[in-house]
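Just below sit the structures, each encoded as structure tokens.
You will see subunit A twice below: alongside subunit B first, and alongside subunit C after that.
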Partner chain A sequence: MIQQEIPGKPITVTINGKEYRANEGEILLSVAIREKIEIPHLCYEASLDPYGACRLCMVEVVRKGKREMATSCTLRAADGLEVLTDTPEIVKHRSILFELYLAEAPKSDVIRDMAARYGVTRTRFLKRIEQGDPLGNKCVLCGLCVRACSEIMGAGAINFINRGPYTVVNTPYYAPSRDCFGCGACVRVCPTNAIEMEDAGAERVMKSWSGTRVPLSPCECCGRYYAPRELSASVLARLDTPLKEEIARLCPECRGKHIAREEILAKHGGSAKHA
Partner chain B sequence: MRIVSAADMEKVSRSGLRKIRPEKPRIAVGLATCGIAVGGMRVYDRIKEIIGEENPDIELARVGCIGYCREEPLVNITIPGKPLVILHRVTPGDAEEIVRAVEKGEVPVEKALCRIPLWDHITGCTQEYGAGFDGIPRYEDVPFFSHQKKVILRNSGLINPEQIDEYIAIGGYAAALKALSGMAPEAIIDEVEKSGLRGRGGAGFPTGLKWRIARNAEGDRKFVICNADEGDPGAYMNRNEMESDPHMVLEGMLIGAYAIGVSEGLIYIRAEYPLAIRRLQTAIGQAREYGLLGKDIFGTGFSFDIGIATGAGAFVCGESTALVASIEGRTGRPHPRPPRLTDPGGGLFGYPTDLNNVESWCNIPVIISKGSEWYAGIGAKGNSGTKVFSLVGKVDRVGLVEVPLGTSLNTIVFTIGNGGAGNKKVKAVQTGGPSGGCIPARLFDTPVDYESLNRIGSIMGSGGIVVMDEDTDMVDIARYFINFAASESCGKCVPCREGLKHTLLILNKILAKKATKKDLEILSDLTETIVATSLCGLGQTAPNPVLTTLAYFRDEYDALVNP
Partner chain C sequence: MDERTLDAIIARHDAPAGRLLGILGEIQNQEGYVSRETLEMLSEKVGVRISQLYGLATFYSYFTLRPVGDHVITICMGTACHVKGAVAILEALEGLLGIKSDVTDDGKLSITTIDRKFTVEIARCFGACSMAPVLRIDGNLYGYATPEDLPGILGEYGWKP
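And then the complex of A and B:
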């Protein structure tokens, strides 16, 4: 589970010879992101536990004159920590990793653009193209969707299946999931836009997840389907706001109008007409 | 009955001794998995049948394995007052003759491998079997045994692993009694540190230091775990240790738990070792009955118990963080370290955890019993003690070989193993399983210790030594190990999951004679990146078979590729 981290004491870290302020124990990659120092990464998300799978964010740590490679998403800032992000060693290995990604997710524009930014425009490895891949040959198995589903949503609707080169992400037994809320967190965190989701009438279809279908609730005012039913129910159960009633019944658009109308009614005593 | 004192121990010991050296002759069949696989159980059943029909005054027992796999099935004959005689290559057809001979106080000499008049079990008991049978070679004159030093396999093949009394009779649990009732935990850790024992799982981390870190870790609940997820192809040292002498593992864990201050222990063992699991379960049950596990052990107030967790068939679960995940019921995927298992939050269910290999635990009773000085006197500087190796592949004398660390590969492969099987020339050995490297015969004067093997691109690993002869295709060997590592990769990080897959594809291309020099370049770049960027030890070491064959047998690659 996500724990609110208490910021450590202020310290100084050195990235590429320049000093930056950071909090002790802070993840080095997040310091770099804040300071706009470019380090490529695919599996890092600030709200999730460090994972260290994509290996793209590797940097060289300088300790007592010696250099050692480490993933910056698992490296914790400590006073005097010194790292280099673009040494010949890093560039060499990163290029090979990009070549592996280009072969693994040949249909991903995101990977193609990212690799190109680091000078890798082609791969020497055999490209994996699988007909009918539910993730459109774009998945790099960074695990963000799996972790968001379980760590943030607590649903655990999807997970890794098989191991090694046969690993894929999907629902258990490739069956439509009963645990999926249809929240779309997986879609949002996916760095390669591999996951497909579509709203069709009264249902949300998780196209990548074995055709999982999730019922949507209609807006009582305009009739449009706007939120996954189960998700709304579970969110509402935890909400404590005077607007609870409106949220349960109306889509965001109608809710805005409704609230505006209520306000006007309260001020002018009934002169507003329904729009 | 509960054992609480030396006097209780003595009583059990006498009962055990009557089993090992009964007043009547005893026939004991070597029934570890290896012996059973070559028909040991049939031999046992046939002898049992004859004894059942004729009711001669003979005891029949099961023992573990002394390690000479090539000569199995092995049968021990103990005639009161005479040396223990080991018969080899015994078939059910020999049963009749064996029983007849034993009835007369004799042994079938033509079936005899060797005789043991005297055996030092090291943990405080020297067994004097007796004199006679001078026509049979002595144990120490058998070339396979003469250069070995049995410290870990001190009891294997000589006692019944399903009888705790026999273990106690040869000095078992005496070290635990000594430790728990007479030594401070810190003093035990000091002893283990001074002994110089290093982790036998392969990485060679000092065991005493690991214990100290675990002892000092914050937390009121902690675990000790025995890593019995042995999975290197061709390696079966741990299996035999557990099948032949399970109490030695339990005793080691008991002493360690007391030293670290832990009351909960687990053995994580692969499901592919059903006999080892069964014997451990039996051993745990017997130890509990005697109060050697459970509450208030030896009346000292210290409590400790051991449970068994079985794996589900993944090699990577031998890696510490994946192992813990597997026990917790999660998928066996490693996570970056730190946090290490000994760190708060990093161990089993988040509690600080000490994890040691089976063979590391096996050394503990000896270190406590004989003292660190005695132990440190074995082996080489910085590499004390012995190590059990499984000498397999195209070698003449296949088996488990226990030698002091620092023994050369020459001694292991040629003196003990008698070189290639069928008089073939030995070309190389692979040490350390899929994480190890192929070492060419010209480097066989290398002493087998952690550092020397690293220097030539291989690793000690858990102790597998696979011999290759002149007919072995080294590129194919590399492919074999890469195929193993690729299919055992957990799939979490890219270099291991994708990198090993492509390494395998390139090796296939080379072996199909469809590769060019360019492919060799790609192969070497790719494997370097896998080593440098993989998340856990599996990926970081998996390319070693390719890197070493490229370094030492480049000509075999060159012969297969087009220009």
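And then the complex of A and C:
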């Protein structure tokens, strides 16, 4: 997991001929995102270490008059760093990548829209559409879900399986996982919305992960199922706050109401009347 | 694999670098394949998630996840062997053993005869290109192989027409 970053000293970087303030050591892609300079990317996730898997965020770095390509998600800002984001080389590289992604994830709207924004609407590569693919032919194998599951959550329920063109992400043996908390971190980080999860009554079903089922716990007040049981138990064990009791029993909505009522009672005394 | 054998294997691999691959390699060598039960037991013992072990075992073509026959025949399908007729050898072998090979969803080709005597697999390169086409049975290499040689070679391993 990423260490808490200490901001480096303020420096200046040049992107497409314009100067921007940044902190030394900051990831160039995050500078670009902050400054609203468009660089396409799929596998960048601020809460994880830079990985450089999707190759879409390539920029050209100008050094001593020479240019070389680098992924902006692994490039660290340094004083005087100069990059270009839309050179003919980059445009060519990006177009090929989009064509490859269109073939790799033919059912992904995210990829289709992103590629179209950069003028790529068709692919010359063979589209591989697999019937019954648990990830709906939308996965680009960027690995964010695998890393979020293992590096952030410490669950390690999913991983890459096989190799080369046969590589997929799923649970071992395509069997329901005992390591999955049902936290849904994988669903959140997935750049192509490939992972399906559904709350059905007292259970959360990880539809993409071999139908893994995780029990949910209900809110004591309204009865709504709101959090995976095991996950809340492990989070609560680490929490040290006076609110612990309420967090353990109430869903966020009822917790809000509960706190508001306590506040009112504390101010005015007496009893609160239920409507 | 029984627990004691697995414990002995784990004990032999205490250096962190390459530890899991070393253990998995020994399991593969002793059992001929890596069973789900063994992988689950190993996960418990070394404190590594089963997803990581399964990822490793499916990544390397060295590991087999299904039980294999008494003799494992590996046909080299590297470039040199392919050009020199490895496909014809595979087809001849299928005919002799009465099996039809097919690539499974993990991209590996492995098929075992019904009587569990032979398993046919393919490999991408043995590094023995000078003797192409090459096949290997239980660790013995056969170079310059032709479909006509096969009955004789198989005969050494108890095959009868």
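FYI, the second predicted complex is superposed on the first by the 269 of 275 C-alpha atoms of A that agree within 3 Å, B and C clash if a C-alpha of one lies under 4 Å from a C-alpha of the other, contacts with A are read in each partner's own complex, and residues count from 1 in each chain.
The rule we apply is simple: a residue touches a chain if its C-beta (ideal position, glycine included) is under 8 Å from a C-beta of that chain, and two chains touch if they have at least 3 such contacts.
Keep in mind that what you see is a predicted model, and the values were worked out from it rather than measured.
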- Would you check which partner chain A:25 touches, where first means subunit B only, second means subunit C only, and both and neither mean what they say? neither
- Of the partners subunit B and subunit C, which touch A:179 in the superposed model: first, second, both, neither? second
- Between subunit B (first) and subunit C (second), which, if any, makes contact with A:141: first, second, both or neither? first
- Message: By residue count, which of the two partners contacts subunit A more extensively, subunit B or subunit C?
- Response: B
- Message: In the overlaid three-chain picture, which partner chain does A:162 touch, first (subunit B) or second (subunit C), both, or neither?
- Response: both
- Of the partners subunit B and subunit C, which touch A:171 in the superposed model: first, second, both, neither? second
- Task: Figure out whether A:211 sits in contact with subunit B (first) or subunit C (second), or with both, or with neither.
- Result: neither
- Query: Which residues of subunit A are in contact with subunit B in one complex and with subunit C in the other?
  - Reply: 159-160, 162-166
- Item | subunit B partner contacts - residues on subunit A that touch it in the complex | 50-55, 58, 69, 71, 74, 89, 92-93, 96-97, 100-101, 103-104, 124-126, 140-141, 143, 159-160, 162-167
- Touching subunit A in the complex, subunit C uses residues 36, 39, 49-55, 58-60, 105-107
- Interface residues, subunit B side, partner subunit A - complex: 314, 331, 333, 335-336, 486-495, 497-502, 505, 522, 525-526, 528-529, 532-535
- Query: Which residues, counting only subunit A, touch subunit C once they are in their complex?
  - Reply: 150, 156-166, 171-173, 177, 179
